[in-house]
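Consider the two complexes below, in which chain A is the common component and chain B and chain C are the respective partners.
Showing the complex of A and B:
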């Protein structure tokens, strides 16, 4: 797997962990250990997205970063064109 | 309409002669609260479908309920 796919897969993994902890915290908002784990995942996710976007372009159409020069959101490849053969 | 009373084991809880309305308690669902132990790594969680070991219920090939 090339570097770009590795970084994208890492974002997917962190997104999944974040939403799973998100769902647990919805019903256990005072659980400090879960909260600490969520915060650690959220921070690493933010770093991973920022690093990915600085090299390859936006991971979100808006709400995450600006687009310099041209509208980079429409650049290839689209998410469904990326395969993860391991 | 078929006799509802005859089809429900233990009766319906309805007054004599009444065949529609509240049937009494057929079942009650109970889900125990989840206690946080630890989370799997994000990589392991994505592959398994949950980051919570206590929620992991894999279906194995050939497994019967």
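Showing the complex of A and C:
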């Protein structure tokens, strides 16, 4: 697997943890341990995304990410074009 | 408001071109228990939920289902993108090809287009959440049938992930239903 896919996979892992904790917290908003886990994962996810974006362009549209040099949002590949072949 | 993320929720790969498997799993794109139906059901039911936690759960799960719709679409896209017309015919996907080429369209495994009557938005939060729990179980069952039909271990891996999410969503909807029952009961005291 290339460097880009490795970094993307790390973002997927972190964001999946965030999604699952988010849903858990929706029905358990007073669970302090889950909340601490969510905040820790969210911070690490933010760091991983910022590092990925500096190399491969924005992950998010509509002003949630910045684009350096040129408008890199329009660049290929799009998510359905990235497979994780062994 | 929604923000698009230029990434899938789960990494996908396909072992080889397989229009037959594409024809089967596309039902989770536009079939009765598929991800489009799931997403639209939750996102339209949320407006009339009586408690804030139910609005949050329906918003968040409805959003995750959009990501699942994208995973199924990506699998179908990769399973058919290199298929020859001959392979498409042999797989029985020629009826679909006649109308859509290799584009993604919302149909079930038999080719019937998606219809809004797959979903309900009743306004009664107890009825709606029961529908949502049933929907998650029906989707789980569909993923189990698809896993049995799959002859590609890489596609099966993604189907297993999606099946697992149905189980988690069922759990969260059950908890949400309990919260709505508590709210109904607290109103009766007055």
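Following the convention adopted for this analysis, the second predicted complex is superposed on the first by the 83 of 86 C-alpha atoms of A that agree within 3 Å, B and C clash if a C-alpha of one lies under 4 Å from a C-alpha of the other, contacts with A are read in each partner's own complex, and residues count from 1 in each chain.
The criterion applied here is as follows: a contact is a pair of C-beta atoms (placed from the backbone, for glycine too) under 8 Å apart; a residue touches a chain by one contact, two chains touch by 3 or more.
Just so you know, these numbers come straight off a predicted model, no measurement behind them.
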| item | value |
| --- | --- |
| First (chain B), second (chain C), both or neither touched by A:84 | second |
| First (chain B), second (chain C), both or neither touched by A:37 | first |
| Contacts of A:14 with chain B and chain C, given as first, second, both or neither | first |
| Which partner, chain B or chain C, touches more chain A residues | C |
| Partner chain(s) touched by A:59 [first = chain B, second = chain C, both, neither] | second |
| Partner chain(s) touched by A:26 [first = chain B, second = chain C, both, neither] | second |
| Chain A residues contacted in one complex by chain B, in the other by chain C | 12, 16, 20, 24, 27-28 |
| For the chain A and chain C complex, residues of the former touching the latter | 5, 8-9, 11-12, 15-16, 19-20, 22-24, 26-29, 58-62, 64, 73, 78-80, 82-86 |
| Residues of chain A defined as touching chain B within the complex | 10, 12-14, 16-17, 20-21, 24, 27-28, 31, 33-34, 37, 41 |
| Contact footprint of chain A on chain B as seen in their complex | 33-34, 36, 39, 41-43, 45-46, 50-52 |
| Chain A-touching residues of chain C, taken from the complex the two chains share | 3-14, 53, 56-57, 60-61, 64, 70, 73-74, 77-78, 168-169, 172, 175-176, 179 |
